[in-house]
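Take a look at the following structure, please.
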Amino acid sequence: MIRVLIWNEYQHEKTDERVRAVYPDGIHKALADFLGDEEIVVSTATLDDPNCGITAERLAETDVLIWWGHMAHQKVPDEVAFLVRDAVLSGMGAVFLHSAHHSKPFRYLMGTSCNLTWRETGDSELLWVIEPSHPIVAGIDRVIKLEAEETYGEPFVIPTPDKLLFIGRFSGGEVLRAGCLYERGNGKIFYFQPGHETFPTYYNKDVQTVIRNAVRFVAPTYRQMTGCPHVRFITDEEPYVL
Amino acid sequence: MIRVLIWNEYQHEKTDERVRAVYPDGIHKALADFLGDEEIVVSTATLDDPNCGITAERLAETDVLIWWGHMAHQKVPDEVAFLVRDAVLSGMGAVFLHSAHHSKPFRYLMGTSCNLTWRETGDSELLWVIEPSHPIVAGIDRVIKLEAEETYGEPFVIPTPDKLLFIGRFSGGEVLRAGCLYERGNGKIFYFQPGHETFPTYYNKDVQTVIRNAVRFVAPTYRQMTGCPHVRFITDEEPYVL
Amino acid sequence: MIRVLIWNEYQHEKTDERVRAVYPDGIHKALADFLGDEEIVVSTATLDDPNCGITAERLAETDVLIWWGHMAHQKVPDEVAFLVRDAVLSGMGAVFLHSAHHSKPFRYLMGTSCNLTWRETGDSELLWVIEPSHPIVAGIDRVIKLEAEETYGEPFVIPTPDKLLFIGRFSGGEVLRAGCLYERGNGKIFYFQPGHETFPTYYNKDVQTVIRNAVRFVAPTYRQMTGCPHVRFITDEEPYVL
Amino acid sequence: MIRVLIWNEYQHEKTDERVRAVYPDGIHKALADFLGDEEIVVSTATLDDPNCGITAERLAETDVLIWWGHMAHQKVPDEVAFLVRDAVLSGMGAVFLHSAHHSKPFRYLMGTSCNLTWRETGDSELLWVIEPSHPIVAGIDRVIKLEAEETYGEPFVIPTPDKLLFIGRFSGGEVLRAGCLYERGNGKIFYFQPGHETFPTYYNKDVQTVIRNAVRFVAPTYRQMTGCPHVRFITDEEPYVL
């Protein structure tokens, strides 16, 4: 069983008619609808929940956190972002979607600005598979086609990904490293670019497949914070850690 | 000309007789003494300076920042650490020495805990060269020998270095990725493990050579913060960035 | 089920009394003895078999190839080495043990000389875990202790590993990146340093655990050679590949 | 001074009228024309020269080798390809252009098939800068525009580049990791995709700038083959290497 916590900012859907038309119950609900199955158990949290719905205890019982945010990144307290960062370092998997490239938890895990170039003109997008054997692209042919997405372009200020799984290519001209895999501490992190709030991206079967694969891939097999132990000589009697 | 700012916490030297005996004018002074030459212009800052001696303006005029800290990492305000992080992302080089592995600027740039295993028993250390052709190891034979150092051991919770230049091996048994090179945003970062405050490490000629090489290597050839521009179609008339 | 093919040069054991005393039926037999279980089905091949016991057909039915060689690397024909390389690129997992760092298949997959520094004086070795959460180190505490091994030292001329899992540290002074993970094409490759023919290394429970974990980790979930297809426009009618 | 050897297959230009119209004296001549300056000294070699114009002695006196080949990769003997590989491992820089992705020296250095997807329909290409601060992109704005190029697409079967500098995006839909930087042994390798023989790509000023920058960047500061030395104990008297 994989316990997934879907965190959605859930602001656009309450304030913007166009967004509500696409995701009437919130993006988190659309993600939950296709993710939940016999293996994956889903719960959700949003910005307006107390403490953003995030506590150390809740994260300790979460295998994979999915994060979507956009207009209110700064309303997430640093304390909450650091809780997420530390849970990832201890082994929790994390999937950051679309504009979560600029969320505090993602930026704090990357250490960079995560800036990129953007344009909201509804370009179509081709998402090309770079590593056909990777479990996250299982079930995807060579390319995912999206009729409309927000355009994101390079330079995308991220550390060189441990593994680049997708490059996105927009009809207006731009390209983006659109599927980026990282290992940080004992946790795995996947960034996946599609999912602008005004387009029905999360109803696309291929996008759903990638997110479902990603959840399985980043789910931990080990969960423990690696500490900073004071130790004795390895050759001395036990215990090694003082 | 390379403008180097040496930041030293400068606490141990004022409070611990043993440390003062080794570095009577502070570790920053020992570093400045061997670094300053016709090419490298050095200035210094310490924790007790106003705002830690760090302002955005000063960093804008700094090519390479060297950081040494240990007992007072938490006294460096987050604001100062973020200034350093952003200066690195805009191109400033950074060299983090010894216990600066746990400094806020280094941790915020890495995104990880930077925890490691440690023991203060004065083990001797061999620092083995991993990449003999790298400019940072120029002038070093196969190995640097240090009579006494604080023992640091793995697991060292850092992102996989872009390039691993040294592995340290301690007489008591431990090993550490001791020379780690990163590129983040437009800046280069070098972590170098030797330099415990109670040992005369920074008087060692090989250690001095590595730090001098590192300053030259991480000095920027480009200095600009990569932003998050809103753009029009690449095929439209100029300007591209709105 | 994972189909493992253990390839052993099997020369030392037939010509050197000291080696026969340790591995009377060959290193491949010792490896097969602890690997075979309900999940892992083992077969073996040696240098003296026709065509080294390697054919394209046999590799196509192999999930993971383990390779041990030392004194007769040059007797393996290039054609055999290229068969192995191509099977890995198509997804077959590979585990290269000890002196197989200099085998043709490993060198051809790495693209480098794979040279390293060495000394046969029976140093003891500590193998330190670098990434405690990686499945290949599951069941290993912080360190594996070996009473005697051939000493291997840096510089080890390999591409920077995708993931460094172990650093070996020898009592005589040297260190080595001793557990190195790579992805090449659709296949995974693990190099693991312990296993000199005159020492009973492959009877060590921790070494056995690592090799067993590695077999499981590099076993493929996808098996296909990525080709060089001539394609039509993505927007044209099917098929895309001409 | 940087001594550059430009190797061009030089077959298309002699047999195909369309290619001769673009490069009447061969692609090597077009490259030599813009590269030669006060700092860079150029010589050339072609497939029809004795031993392909490649000897160990000549490579020893070459700082950077540029390679262009396409229709006759298999006519380059393995011995020549291995000479090139070993020269790179000893520190010689190498720049592989366009269809040299499939040349023996490049494939042997990468260890992979270097397969990719292709189509010769004269798509236009946008080459996007990924790392704006890298010396190889100095003088390039955000993007290089080419009116016509051969289309190359992913999956491109290469090891994950140490640094990805360009992504190419073709009007027909495909994308490619088009500027890929590697370090192998003591040498630096740059692959750069533009340059189909029927298009005037090497007269484009931006393409020329990138190639000139690349020559300077991969030129060695250290030149020596790292060997496989038998050593005594580091603590014994000198010499360490036996």
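Order of writing sets the chain letters: A, B, C and D. Residues in each chain are counted from 1.
One rule holds in what follows: a residue touches a chain if its C-beta (ideal position, glycine included) is under 8 Å from a C-beta of that chain, and two chains touch if they have at least 3 such contacts.
None of the values given here were measured: they were computed from a predicted structure.
**Student:** Report which of A-D and A-C is connected by more C-beta pairs in contact.
**Tutor:** When the contacts at A-D and A-C are counted, A-D has more.
**Student:** Please state whether the interface between subunit A and subunit B is built from the same residues or different ones, using more than half shared residue numbers as the mark of same.
**Tutor:** Counting shared over all numbers used gives more than one half: same.
**Student:** Roughly how many whole angstrom separate the Cα centroids of subunit A and subunit D?
**Tutor:** Their C-alpha centroids are separated by 36 Å.
**Student:** Using the average of all C-alpha atoms in each chain as its centre, how far is it in Å between subunit A and subunit C?
**Tutor:** The mean C-alpha positions of subunit A and subunit C differ by 34 Å.
**Student:** Where in subunit C do residues touch at least two different other chains?
**Tutor:** In subunit C, 126, 131-132, 143, 153, 155, 160, 162-163, 173-174, 183, 185, 226, 234 touch at least two other chains.
**Student:** Within the complex, which stretch of subunit B touches subunit A?
**Tutor:** 78, 85-86, 89, 102, 108-113, 115-119, 121, 153, 155, 157, 159-160, 162, 172-174, 182-185, 225-235
**Student:** Under the touch definition given earlier, write down the residues of subunit C that touch subunit A in their complex.
**Tutor:** Within the complex, subunit C contacts subunit A at residues 91, 126, 131-133, 135, 138, 142-143, 162-163, 183, 185-187, 220-222, 224, 226, 234, 240.
**Student:** Can you list the subunit C residues touching subunit B in their complex?
**Tutor:** 126, 128-132, 143, 153-156, 160, 162-164, 167, 169, 173-175, 177
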